[in-house]
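The structure appears below as structure tokens.
Chain naming follows the written order as A, B and C, and within any one chain the residues start at number 1.
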Amino acid sequence: MTLPRSFAPVNIADKLDETGMRGQNFIFLTDWKREQLISLFEAAQMIEPFWKHRLNLMNNRILGTIFFQPSTRTRFSTEDAMVRLGGSVLSESNPLHSSSTAKGESLFDYLRTVSTYTDIIGLRHYDDEKVFSSLNGATVPVISCGWGDVTHPTQGILDLYTCYRAFGDFMGMKIMIATPDLSRARSGHSFAMGLAQMGAEIIYVGSSKNKMLPLVHDKLNEAGAKYEIYNDLSNAEIMELMSDCDACYLPGCSVPKDNPEDRAAFLDLIKPFYITLEGLETIKKKTGRKVGIMHSLPRNDVEFDHDIDNSEFQLYFQQMAFSVPIRMALIAAMVGVK
Amino acid sequence: MTLPRSFAPVNIADKLDETGMRGQNFIFLTDWKREQLISLFEAAQMIEPFWKHRLNLMNNRILGTIFFQPSTRTRFSTEDAMVRLGGSVLSESNPLHSSSTAKGESLFDYLRTVSTYTDIIGLRHYDDEKVFSSLNGATVPVISCGWGDVTHPTQGILDLYTCYRAFGDFMGMKIMIATPDLSRARSGHSFAMGLAQMGAEIIYVGSSKNKMLPLVHDKLNEAGAKYEIYNDLSNAEIMELMSDCDACYLPGCSVPKDNPEDRAAFLDLIKPFYITLEGLETIKKKTGRKVGIMHSLPRNDVEFDHDIDNSEFQLYFQQMAFSVPIRMALIAAMVGVK
Amino acid sequence: MTLPRSFAPVNIADKLDETGMRGQNFIFLTDWKREQLISLFEAAQMIEPFWKHRLNLMNNRILGTIFFQPSTRTRFSTEDAMVRLGGSVLSESNPLHSSSTAKGESLFDYLRTVSTYTDIIGLRHYDDEKVFSSLNGATVPVISCGWGDVTHPTQGILDLYTCYRAFGDFMGMKIMIATPDLSRARSGHSFAMGLAQMGAEIIYVGSSKNKMLPLVHDKLNEAGAKYEIYNDLSNAEIMELMSDCDACYLPGCSVPKDNPEDRAAFLDLIKPFYITLEGLETIKKKTGRKVGIMHSLPRNDVEFDHDIDNSEFQLYFQQMAFSVPIRMALIAAMVGVK
């Protein structure tokens, strides 16, 4: 037995700097190496026990949240993380109506302005191309809180962190992603890319009517993802497959409202995907395995039995809770401590 | 002379817990016993001297204010109370436009979400039935900051606290509630229910054109209220009655704008209710009694002489000020200290 | 050599009180004497080194920002200043939709309400006359964050402070104000009035098509301003004049959008005013002088070369940064320390 290298009390500042995120923007999960994300998860896990007790890591720091698109959930959880780190928040949830952008100010100048008054920016925007061409305006790190349809990395990172905390190391982890429409499912694909990166296995369950786009296939292959796709399964077949997974991720869906025929067709299509509490309990009895149900919310009645809310299989509300320590770690890593 | 029972320095935490409000929602005044409200008033009175100096009772706590209906006054005073307790605030004053509720998320899930990021919620909503059927979604205590037309208990509690501080014990207190429309007057009835509970006497002054609804009669009788109703009095008669009261409460009114005939009729109806500074001074000269004028604001020109603003009879601006310590006590009691 | 009078450690509280601003509103620059503004600048300069490190001067104080008109920049910089002083913020950026003013509450009562919950108010309003007739409602100091077209003193004060920090004492300072439309240019005239007061010299460059209004002439003369006006100069002539100035202030402009003829005419008119990086570098080579380019933002493509952004001549982004310490000093002076 011998002393570990550099034997001294652990300092969260060092752990945060291991992520290499100081001063950087947080835009795509794939911008980061596996070890960097693991460092972030480790930092989040150190922070987690104190999340209700305020850590004074960001005491003199200010977060600016700029939301060009609605989202109480993402805005509150980001602001919450900053407040729990001892920092302050300036918030603009309606910039199109209440700022010079309404009068035609460029996003470049707008980001420069907000940078002046803050130490980090949480930006949500409907137009990702506009953001990418204006991002140089920011002189402080920027977190993507959702840009167009292409990036929403804090959803992905909180999904991954929830798995990390529930199941530990990603090696050997097996996650089902189930939806009748794999041609969309943005949050599902982000999560899958993260899982691929971490080394987990993915079981896609979809329908031949709305197949996964070739682009997504390419990206998954590029990332060396271990994945399989099953289409048009019956509910029994889905549950059978699920019994071998650690968790099932539902990326959400929107039921057509206006056209009754479209609506009926969609309800028909999603029927076999419906997850019941009974089904999960049957799996548990047979295999001893508790399959966690994940969802990025908002959810819909037709996706799964809401009685799961109060069961041991529920992970979707836990995802919201785990989003706080991981966002605390993210903000502290990007701004840097000491 | 002998030592009091349990002789030790007073601890605000104990006083707050005497209210029995820890972990509870605050929805109706009538949910609470007289002694519980008195404990709350006592706690508020302990807090009051420090309201401008920040008490560190809620240091690591977060209030979420969710206002589906407009109200700067109620939102600011609630947020103000939390800030003065050392806590933080996350605020959504436009959830219909800037959140998933806009996309059809259930209020149940929305409350669950906000609960994750906060320790207490201040909720204003236009639809009380929807709130009652969704309230289980919240996992932290919820303050009603106005739900539909049926509950606005923090207005009632601040009115009561103002009386408690102005006149002391409620026994023997006599309050006039004057309005040409007793068929509405929501804030007046809430206040009356509170007064009934505390043992004060109520003098209603109304008009036979817009009588008090049977339902309100029933509730008052049920609560054992001591009250009288006078309709269609002249101004002289109203002032005569008032000279025997401690305060006169004006529940506010809205003057019809569009139809000139309706407008003229209403102005005619409200004329005898108009309170002048001169009238109050006459009462004071005759009886030595300073009758306080209370109003829940916003006010209207036709209700009373605004010269009362700077007189000793003005209580309406004081009500706003007393709303802070009572809301501080309420939040601290519901979240719990220590 | 002898001891200075009243020899003791400097106390920021005394410096702030030298301004005479405690308890006062901040509406027009011309309400204050030169020495008072210099005291404010000195206080700001003492505060400046700590602007990123939070000063605990306003620890138990609350700022209310009430913006009846859009402006993220002004709102954020004001809130930022309060937060960096250790204070808290209550914010209403949409009072017309989310408050009783929507239901017809008077601005007088609204200001009284907000006063109850705050220690200082930052008010932006589209109707200056309405503000002036309602201002008595406020019982705490009010900062004008822009009222109608007549007052926006914090823009003026930050422009002056930027000059003070860049060039020191105003005596001998020479500032160009250049715009094709001197008949408007609100922020330019405010700044000019401030410069006049401080003793700096002003070089106006405009066009005979949109001459300065007689009213502005009168005000400048009244203030004893040292100023000259040049109209219809060529770009070469403007740059020649500029080579003798310390800074050039561009008050912003709005290019006509709808009518193509108006647009073409305006673009023609503004062409000689366009400032290039090359032009500034030529001046520097010839005279050794770095002429700073100032702008109140938002800016327009047709006013100057945006390559100036990353040059040593750029002052417009610095103006935003200097706005924080000067606003910190202003808030602390108006509320008062200790």
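Everything that follows uses one rule, which is that a contact is a pair of C-beta atoms (placed from the backbone, for glycine too) under 8 Å apart; a residue touches a chain by one contact, two chains touch by 3 or more.
From a predicted model like this one, the values you see are computed outputs, not experimental measurements.
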Shared interface numbering between subunit C and subunit A [over half = same, under half = different]: different
Superposition of subunit B upon subunit C: rotation angle, C-alpha, nearest 5 degrees: 120
For subunit A paired with subunit C, centre-to-centre distance based on mean C-alpha positions, whole Å: 42
Junction residues of subunit B - those touching two or more other chains: 91, 94
Residue numbers on subunit C that touch subunit A, as the complex places them: 52-54, 67, 70-73, 76-77, 79-80, 83-84, 91, 93-94, 297-299, 317, 320-321, 323-324
Touch list for subunit B against partner subunit A, complex: 59-60, 62, 64, 66, 88, 90-92, 94-95, 97-106, 109-110, 112-114, 116-118
